[in-house]
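The following pair of complexes shares a single chain, chain A, combined with chain B in the former and chain C in the latter.
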Partner chain A sequence: MATANAWVGQSIKRKEDHRLLVGEGQYLPDIVLPRMVVMGFVRSIYAHAKITSIDTTQAAALPGVRAVLTGADVKHLGSVLSDMSTPNLPGETNRPIFWPLSIDEVKYVGDPLAVVVARDKYTLEDAIELVDVEYEPLDIVIDPEYALQADAPRLYPDWGDNVLYHQHIPAGDAEAAFAQADLVIKERFRCHRTGGQPMETRGCLATYNPGEGLTLWLTTQRPHIKRHLLAEYLNLPHSQVRVIMPKDMGGAFGTKAPLYREELMACHLAMKLRRPVKWIENRQESLMNVGQGRDQIHQLELALKKDGTILGLRDRILADCGDARTAIYVGFAMPFLGAMYLINGYDIPNVDIDLTCVVTNKACLTPSRAFGSFAGRFALDRAVEMAARALEIDPVEIRLKNAIKTFPHVSAVGVHVDSGDFPGSFAKACAALDYDNFRQEQSEAWQNGRYLGVGFSMGVEISGVPSEVLVPMERQPGFGVATVQFDAHGKVQVAEGDSPHGQGHETTIAQVVAGELGLSPEDIYVTYGDTHSGPFAAGTIGSRGASYTLSAAVLAARALRPKMANIAAHLLHIEAGEDDFVFRDGHAILTRDESQRVPIAKIAEVALLSPTELPPGMEAGLEHTSHFEAETAGMHSCNVHAAQVEVSPDTGEYKILRYVAVDDAGQPINPMVVRGQIHGGVAMGIGNACMEEFIYDENGQQLTTTLLDYHIPSSLDLPHIETIEHNVPSPHTPLGSKGKGEGTPGMVPAAVANAIEDALQPLGVKITDLPLTPERIWKLIQAAQSKD
Partner chain B sequence: MYPKAIENYFAPTDVAEVLTLLHQYGEQAKLLAGGQSLMPLMKLRLVESQTIIDLNQVAALDDIREEDGRLHIGALARHADVATHPLILQSYALLADAARNIGDPQIRNRGTIAGSLVHADPSADYPPAVMALDGQLVVAKADGGTRTVALDDFLAGPLMSDIGEDELVTRIEIPAPAARSGGAYAKHSQVAGDFAIISVAAHITLDPSGICQQASIVVGGVMPKPGRAEQAAGLLQGKALDAPLLTQAGEAAAEEVETEDDVRASAAYRSQLIRVTVPEVVRQASTRAEE
Partner chain C sequence: MKRSISITINGEVYEETVDQRLLLVDFIREVAGLTGTHVGCSVEGRCGACTVVLNGKAVKACLLLAVQADGASVLTIEGLAKDDALHPIQDGFWEKHGLQCGFCTPGLLMTLYEFLQNPKHSDEEIRTAMSGVICRCTGYVHIVEAVKHAIATVEALPPEERKEWFPV
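The block that comes next holds the complex of A and B.
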């Protein structure tokens, strides 16, 4: 008999935290193998240059150095990108040809052009300094608009231009919509280069022997996919490649999803040297190479009726993808998905979106939470705000007028949104902010020379990506998978296909499996990360934990119950099936006579240790693997965020007085874990929107390669984040749960920008560019005042 | 992010021994106090020093006390100690304000006042605060002598200070403020604990009727070193510190202190921050003077 899952909705403490808090986490650097050597890179100091010579003699002669390789030594490996590792999207794609090390030409500051292997990290850095590289600087392209010009230097001469990817996404009749419009908002929005910077940088440890093949410990969000691509690139049988994500990883935020040149290099060297090769990226390398996301220009037009109804949207998006040399995403999968999600929570029937992705002499874009859509959501929610002001409609009212009203909903460009409730979410946000009285408070404040403002944003966040989208986009499945397996002592191992690193799976999956099987979360242990001991899946990406993977675990646990019931009935010498039992308090309990019960540990023991007690003919063992695929082309979480700010007109400095996040987790499994995801997402969003920026100078030198210059906020820089649940259970998951966290940063920039602009209404500023630094706000105030 | 090999490491236990080692190793030696600037610079290989003289075992170099009408702060006093010392909180609150603004708790637990002043970053927190208090450095020399130098003169430019190869700063001395004195410090930075875009330190002495008898205003976050806003301070002298006067002082400071563009902010924005911050800091200083 199906019963409510007793552990769902319980904010139990995370099972992960004890080991992390006492310093017993197992991270990549903790793994040490005999005969291990360390690897490091010589990286370009120019943004674009011919390599005229590389002299490795001095470095190779340094005692303790085991190998020095240059591009010429890896050319035989072939180009990194294959069909399997390049997004397969509609539109026109140019595919860059490149190797783990650059050959003849470097294309950004930080581009790896030689590799050194040494016995220790000190010798390694000494040797890296001794590699003598001569360059002949070439003309560079830093500005994406310049990249499009006919006279711009080319990164890939065989392409004919600098366009990596182009896609036109029309739907409905945008032309007619604009012809009927009472108001057209037309604006250029710019989102800077920013993204994720995990506490733990990238790293790997590769070891090889001809018997077992290659084993790679890797900081990755997707061990199975990496295995698959490594086998292809290194020309090894799939059976000879094992990828392991260490038990713990210090964050990823998207940056550990691509396949990188450095990890290919480590594998090649381990095979060549027959020694374990370890690589730990340092912080400078990390800031030079990964976490650089967003970076889009939107020329956005919105057609509206007088009453605020949005009739249509046009957007010309230009994405600066950098050098485009990482596998799987190749710098353009993010802007593509961003374009598909541009209209987001708005029901806009007529759209004309044109996306151009260009290459420049910068690091390749890497994924970051709010995958591709951070910039577009800023642009659209800003444009809606401008329309509201022009039409003198309340910002909440105009959003409710245009928000998706009925579910399921298929957007004009084909995004399926399963469930949500925008009016309910807005009502909670407004109540929390006492919005009805705010306008009065605001005008009184203005009279006293204080500038208070409120800003809203709304969002449809991915709750896992289905196979229907993931197969064409990244050539990988979207299903969630989990094996639920009793051990002989009645404890349950759940082997999942994802590789969590902060999402709390060990806790939440334990909760749901415990609930399904009548056990306690302490009885459940979750394993992951090793391609040789867990089921194949795409990895921890796109909020798929609570939507797909956890659902697979639920289904696998449920699939065990008939067998458990049959064993229990046999042990009780009665005729009964699954529907006659309830699983509770560690027992299979006969519902018609609760005194008739069998400990679940006993059932497991019979199934595994003493199969002689099994019903005649029953197979031993108690385990099941489920692959969960939702019966829809898209599951989503619908959210409303609001910020209240006070701005100093003298300095442009502002304080976020309130930040209210109304989020839809469907059915939260562990509300505390959900809150943690939202807190982290908002913090990242505030950092990205307000403080962080990867800055390149006119020579393509990156000026933000230490954390002294790349400004990640600390708790002192962040407001109290108020989280409010407004849950609409997903109709497509067994428990109604939804994935949370991935898209959250995308809610932030418009909420804060709208609030700042709202506060400064009497001064008439218009915010179109990020980041929202005080100086930028001050300059807008100055410009507005000089216009008067 | 790993330093070059270090040939010699010494951990002397008294000042004389430090000076002997400095004399012996000269320019190839680096003094390690809190290590909050030196260690990152060594890891980035921007400083490649063959000899490290670790000062952390030197006795009695972290004292904080008042003596002969002056505050003595030992060279090795950590920022966290300066930020919380009762004597400093009571009479030199401006200095505690500055110490509290430095970096994060880990940095404040290790970093030292002399280390910061010798490092001479124009955007660091201590220099404007110590200048506003007319602080001096006591420097011990290898030949056995000592000299005393005002911080204004000691700071030579960005990351340049007037310290000889064979010299050691042993303490900072600050004259005890007159009655009815107060100081304040404020910083504008991109994130908490970061170096200043602009910082302002002010120290004020009032007479019993509230008239300003003495004022000093120093601005950090400008090149080549923190700048004294002397005209602004002069405007305050002999006057009651009312709002229009403070606004005027802000204008004067913005006018006289030269600012530059860098990756953190433009010159114009820096000037604006000076204009706005000077009145606020002076107001807080005078409030404290009246307490």
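The block that comes next holds the complex of A and C.
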């Protein structure tokens, strides 16, 4: 008999926390093996140059150095990208050819061109300094618009241009929509280069012996995917490659999803040297290479009727993908998905989107939380705000007029949105901000020389990505998978195919499995990360934990109940099946006579320790693996965020007085964990939108390679973030749960920018570019005033 | 150049001969094997994950050489709990979900260990106290709640018991 899951909705303390709080977490840098050596890279100091010579003699002669390799030593490995490791998208695609180390030519500052192996990291640092590289600088291309020009230097001369990917996405009749428009908003929006940057940098530890093959401990979100790509690249049988994400990992936010050149290098060296090779990226390398996301220009046009109805949208998107030399995403999967999600929570029937992704002499774009959609959502929600102002319609009203109203909804470009409630979310956001009275307060403030503003954004965020999307996009499945396995003592191991690193799976999966089986979360232990002990899945990406993976665990647990009931009936010497029992308080309880009960631990004991007591003919064991795939091409969470700011017109400084996030988790499993995900997503959004930026100078030198220069927000930089639940259970998951957290940063830039512009209405500034630094706001104020 | 030094970590004495350039954080992690202390930046001192308590003061162990800590007493995250009883700051983080990936947590706990000996109560003061450690996961909201929880626990303790939680 189906019973409500007693542990769903409980904010219990996390099971993973104890070890982390006492310093017993196991992160990659903590793993040490006998005979281990350490690896480090010599990286380009030029944005684009010919390598004329590399002299490794001094480095190789330093005591303690075990090997020095250059690009020539890895050329035989072949180019990194294959069909399997390149996105398979409908547009025109160019594919760069490259190796784990650059050969003859470097293409960005930080490009690895030689590798040193030493007995310890101090010797390693000394040796890296001793590698003498001579360069002949080449012309560079840093600006993506310049990259499109005929006279721009070419990163990959065989392409004929610098275009990595191009796709035209038309739907409906945009031309007719614009012909009928009462108002056209046309604006150029620029989103800078910013993104993830987790607190733990990348790292790996590779070992090899011909018997077992390769074992790679790796900071990764997707061990199974890395495994099959490593096997392909290194020409090893799949049975000879094992990838392990350590028990703990210090964040990822998308940056640990691609396959990187450095990881391939560590594997190759472990095979060549026949000893464990460890690599820990330092922060400078990390800021040179990963977490660089967003970076798009949108030439966006919006056609509206007088009443605020959006008739159509045109957008020319230009994405700066850097050198495009990482596998799986290759720098352009993110802008592609961003283009597909551009219209997002708006119901816009006629669109004409043209996406061009170019290569430049910068680091390759890496995925970052809000995968590809951060820039576009800023652009569209800004354009809608401008339209509202031009038409003198309230910003909430214009959004409600154009928001998706009926669910399920299929967007003009084919994105399926299963469930949500924008009016309800807006109502809660407005109530929290006392929006009805705010306009009065605002005009009084203006009269007193104070500039207060409110800004809104709305969004449809991915709740996992189904196979229907992921297979064509990345040649990977979207299903969630979990094995639920009783041990002989009535405790339950859940092995999942993903590799969580802060999202709280050990707790939330334990909660739902406990609830399905009548146990306590203390009885459940969740394992993950090792390709040799967990089922195959695509990894921890795209908010799929609470949507796909957790649902698989629920289904697997449910699948055990008929067998548990049969064993219980047999032990009670009665005729009964699953529908006659409830599973509660650690017991299988006969519903018609609750005194008839069997401890679940006894059922497990019979299934595993004493199978002689099983019903005749029943197979021993009590375990099941489920693959969950939603019966829809897309599940989403629909959210509304609002910011209230006060701006100083003299300095451009502003303070976020309130930040209200109204979020839809479907059915939260652990509301405290959900709140944590939203807080973190908003914090990253504020950091990315307001203060973080990867800056390249005119020579392509990266100026932000320490955390002093690349400013991740501290506790003093962020407001208190208020979270409000507005949950619409997904009809497609067994518990109604939705994934949360991945898309959250995408809500922030428009909410804050709209608030700042709203505050400065009397001065007439127009915000089109990110980041929202006080300097930028001050310049906009100056420009607006000089116009008067 | 090597030098013989003696550092007491969590009450245990480590007498070692080390390179003079060895960082304190590497002494803690690699010589003493206490990997609860983390490294999150290129020893520029900004991330704060390596924060430990040295002679009663929270310091960033990546900005000190091991030889500078010769004769000192160091407390790391491994030394906070007493047997199975968690320190009030650890307990606060657990109760209020003050951590996600846990990588910055050691630095925050050791920073707040010093703060809790003479705590201040406003959000602004709590946020100021922890501003030397970057957390990328939580947005700090639950950490502020965790600190308030810890302050309440500590202030409710009798003076002797309270002192026991702050041995250095």
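Just so it is clear, the second predicted complex is superposed on the first by the 788 of 788 C-alpha atoms of A that agree within 3 Å, B and C clash if a C-alpha of one lies under 4 Å from a C-alpha of the other, contacts with A are read in each partner's own complex, and residues count from 1 in each chain.
The rule is simple: contacts are C-beta pairs under 8 Å (C-beta built on N, C-alpha and C of every residue); 3 or more make two chains touch, one makes a residue touch a chain.
The structure presented is a predicted model; accordingly, all values stated were derived computationally and were not measured.
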Contacts of A:Tyr122 with chain B and chain C, given as first, second, both or neither: both
First (chain B), second (chain C), both or neither touched by A:Glu136: neither
Touching partner for A:Leu708 - first (chain B), second (chain C), both, neither: both
Chain B versus chain C as contact partner of A:Glu145, first or second or both or neither: neither
Contacts of A:Arg283 with chain B and chain C, given as first, second, both or neither: both
Chain B versus chain C as contact partner of A:Thr651, first or second or both or neither: first
First (chain B), second (chain C), both or neither touched by A:Asp579: neither
Superposition-derived comparison: chain B or chain C, residues of chain A touched: C
Contacts of A:Leu716 with chain B and chain C, given as first, second, both or neither: both
Doubly contacted residues of chain A, that is, touched by chain B and again by chain C: 122, 282-284, 706, 708, 712-714, 716
Contact set on chain C toward chain A in their complex: 19, 21-22, 29, 34-42, 44, 46-47, 49, 76-78, 80-81, 86, 90, 93-95, 97, 99-106, 109, 123, 126-128, 130-132, 134-144
Chain C contact footprint on chain A (complex, rising order): 11, 13-14, 16-18, 20-25, 27, 29-30, 122, 197-201, 248-251, 253, 282-284, 501-504, 672-673, 675-676, 679-684, 706-708, 712-716, 718, 720-721
Residues of chain B that touch chain A when the two form their complex: 1-5, 44-45, 104, 188, 190-195, 263, 265-266, 269, 272-273, 275-276
Chain B-touching residues of chain A, taken from the complex the two chains share: 121-122, 124-126, 129, 282-284, 648, 650-651, 653, 691, 695, 703-704, 706, 708-709, 711-714, 716-717, 773-775, 778-779
